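Below is one structure, written out as structure tokens; the observations come after it.
Naming follows writing order (A, B and C), and every chain is counted from residue 1.
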Amino acid sequence: MDKKKNKGLKKKISVAYCTLVYLFLFLPISVIVVNSFNATTTKPYMSWKGFTLDWYVKLWDNSSLLEAFGNTMIIAGVSTLLATVIGTLGAIGMYRYRFRGRAIVDGLLYIPVVIPEIVLGISLLTIFAKADIPRGMLTLILAHVTFCIPFVIFNVRARLAGYDISIEEASMDLGANRRTTFFEVTLPVLAPGILGGALLAFTISIDDVIISYFVYGQTKTYPLKVMESVKSGVAPDVNALSTLILIGTVIFVVLTQGDLFNKKRA
Amino acid sequence: MMKKLVSVMTSILMVSMLLCGCGGSKAKNGELNVFIWTEYVSESAIKAFEDEYGIKVNVSTYSSNEDMLSKLKSESEGTYDVLLPSDYAVEYLIAQDKLEKIDRQVMTNLSCISDAYLDQPYDPGNEYSVPYEGGVACIAVNTAKVDKEITGYADLFDPALAGQEVVLDDNRAVIGMTARSMGYSMNETDRAKLAEIQDKLLTLKENVKLYDSDSPKSALISGDCTVGMIWSAEVALAMDENPDIKIVYPKEGAYVFLDNWVVPKGAKNYDNAMKFINYMLSPEAAKMNIADFPYLCPNSEALAQMGDEYVSNTAKNVPADVISGGEFVKYLDPDTLAVYDEMWTKLKE
Amino acid sequence: MKEESREKRIKKPSGDTLSALVMVGPVTLIMVLLVAVPLIYVAVMSFCSIDEYYNVIPRFTPENYERLLDADYLKIYARSVFIAFITTVLCILIGYPFSYVIARTASRKKKILYMLVIIPFWTNSLIRIYGWRSFLGSSGWLNSLLISLHIVSEPIELLYKNGTTILGMTYCLIPFMILPMYTAIEKLDGSLLEASSDLGAKPAATFFEVILPLTSSGIFSGSLMVFIPCLGYFFVSDILGGGNSDMIGNLIERQFQSGNNWPLGAALSIVLIVLTLVLVKLYQKLGGDMDALGV
């Protein structure tokens, strides 16, 4: 009897505790959402001047903000794609073949994951400046691909750890060629790892500000645009876009994540 | 599941391409990459230029001359078409042969600029630069919260103001202000004097709550800070929001600056840059600019059209004696600047 | 088609080399050109000098490192390490019980709870940090609430302090702590815990002797993933710290931006890299798995 009471109390405490942590996590987001409805029109857009939906309309006139968002999506999309292809091939290749310098490449992969982003940012800046590569979309994509690849590789590798290479041999013995074996046997087995890596890469890419900050030239990404607006006070239209992105994210999660989890369990 | 994910990703990509398309559609007469101070050039003026000339303007911003010079150096030549450096930075850029000459043929609006601002020592004959706006770094006081009477830079070091100040995040401004409070020059190079200045500077540490060059008015308006050593127009804007805030021109003589339009060497859109600069010199553009960012306006025609309310507002239209009694920053040798940098690191440690 | 494949199989050695090249070549190329070469270049640059126009010139000097031994710089390193340490501890203290609870809830709800941790971090981190600034400012939500409830008469000053920076860092980095801990806790075998309590172990003993050792891997990798980025997140101390409590990241950023002294910035970066390597070594010594960091 006492034990049961104890358990109920414990449960209540843990629910209360988790609620607090979630509050902590969502608090600044609620500030963003609320401020996107603020009718204020004067910088620094701090005091509450009443409710309006205007900013969700005005947002579509702010071409530089939309362009920055578009840039972010293109950079994240292209980098994720490239990093996923290169990373997946790399992970399988490194699993399958022993070659000279493999240990070095392996060691290099950890660098973008562990060193502070600012170090990767300035090192890319110095090398791009030295090689006189104009900063812009190209350098941004190169930088993003660089820090995305390791995440893809590690995720694929985790999947490869439980991978039985003999099924490839079996497939080939049954007459399938290399390509068919790769696409019909190897890839499907690795798919959850590849997808997980790609998702992680995409998430990191869209939010990256520190590395992009050093290599952007004139191509502003959405986080860099936010950084700029933070300087003079974040305008409600930026908040409105962030709110829309948040809604988009939730929809995306609902659409895809349910399945993803089912697959993982299988 | 994979198909679903891929289709969601593709649709995101397509939407973003579409967005980019919207952004780029205006560029029928090419583009222009301008690199300017934050909170300094009116967005409506830029928009008006875009609409009138069909040129797409890409704006990047910086928070100090040093930021700009550094970025300019690290980027490839041709990244920027128009810059907006202060006096001493113009001199430095000319010395390094980093600027294109201004095409006087196009500068039809140069006649709107008052002679007092032309032919300055940093660019005699305005070969490379034309003036935009200017001002001083002065003091803002929230009189409702600060009893102490503040008359000069020296008062900012009063321990009574601990944890209340917002100052510019700009080492030349803050160190220069400290030097002036002691009767020294903002461009001091003498090591013994710099050591004295450093001792004084470090007493400011306890007083500063926030370093902000971009929008220091925000902290004054929100009430997070009650005293500021900030750009004059930032004070003027804070005064518009909160009448308790007053402007003080330091009795020691203020840090004066004049910012100028220039075109860096190798600019890809030189002709558009000239059109842009000439447009910015026009009275209409100047009026939009000072309406949003009320600094000292060299454009006498615009000033005449702004009316008495603007001209008589001493925070916006900085009085002539404040300018003549002030001091300009000069470019110093790297060794001295290294000392400045170390002092700055000490202050912010 | 069939002929081709047979041919390939016959020429196995050369085919293998080719496919190995196709698979491993791109990643090797990128890692060498965009990670190794730049870092080596930064290391070289840290021993270079600058001329009067701040151009990097290849004249050897140890001066950049000598400057870093200055008391001011040491103080900033010490503060950075201190802030990173406190942030890490806070992330563990807040994150562990939280991860424990969500990792051990019934499976259907668990997915939702897990996604609720991740969703906030899909919103831009700068704007969330700015959200904290709006919340904590003198005329922010918190102070307005406290004043309207007559709890305080004057706004409390919460912004632009070391504590504010720590709050922001904790906020930004806590998912990197929660996720690995969650993974570690989820793997815990429930029957083990039952066994422990059946054998008469008190809850505290079960926790310290069974649960904690089994989940320590998550804590270790989480700590590494929180501590190291914390040293470099210059924008958090800029936005919430008010710029008056610099961290290593701010120093580096300043030398590459306004300070314009790249060799000095490079030397600072090398110090940061060395610090990182030491921590990674420590992590490996404690039995940490490097692959766990990127998953």
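In this text, a contact is a pair of C-beta atoms (placed from the backbone, for glycine too) under 8 Å apart; a residue touches a chain by one contact, two chains touch by 3 or more.
In this text the structure is predicted, and so the values were computed from the model without any measurement.
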Going by the touch rule set out above, what shape does the chain contact graph take here: line, ring, star, complete or other? complete
Let me spell it out: compute each chain's centre from its C-alpha atoms, then which one is farthest from chain C's centre? B
Please state whether B-C or A-C has more C-beta contact pairs across its interface. A-C
Chain B and chain C: spacing of chain centres that average the CA atoms, whole Å: 35
Between chain A and chain C, centroid-to-centroid distance (C-alpha), Å: 15
What residues in chain B touch two or more of the other chains? 63, 74, 222
Where in chain A do residues touch at least two different other chains? 46, 125
Residue numbers in chain C touching two or more further chains are 137, 139, 256
Which residues, counting only chain A, touch chain C once they are in their complex? 14, 17-18, 21-22, 24-32, 35, 46-47, 86-87, 89-90, 92-94, 96-97, 99, 101-102, 105, 108-120, 122-127, 130, 142-143, 145-146, 149-151, 153-155, 157-158, 177-178, 196, 203, 206-207, 209-210, 214, 222-223, 226-227, 230, 234, 238-239, 242, 245-246, 249-250, 253, 257-258, 261
What residues of chain A sit close enough to touch chain B in their complex? 42-44, 46, 63-64, 66-67, 69-74, 77, 80, 125, 129, 132-135, 191, 195, 202, 217-218, 220, 228, 231-233, 252, 255-256, 259-260, 263
Which of the residues in chain B come into contact with chain A in the complex? 1-2, 4-5, 8-9, 12-13, 15-20, 22-24, 26, 33, 38-39, 58-61, 63, 74-76, 78-79, 214-215, 217-218, 221-222, 237, 241
Chain C contacts chain A in the complex at 1-2, 4-5, 8, 16, 19-20, 22-24, 26-28, 30-32, 34-39, 41-42, 45, 94, 97-98, 101-102, 111, 113, 115-132, 134-135, 137, 139, 141, 171, 174, 224, 228-229, 231-235, 239, 249, 252-253, 256, 262, 265-266, 269, 272-273, 276, 280, 290-291, 293-295
Applying the document's contact rule, which stretches of chain B touch chain C when the two form their complex? 63-64, 66-67, 69-71, 73-74, 96, 163, 169, 171, 205, 208-212, 222-224, 333-334, 338, 341-342, 345-346, 348-349
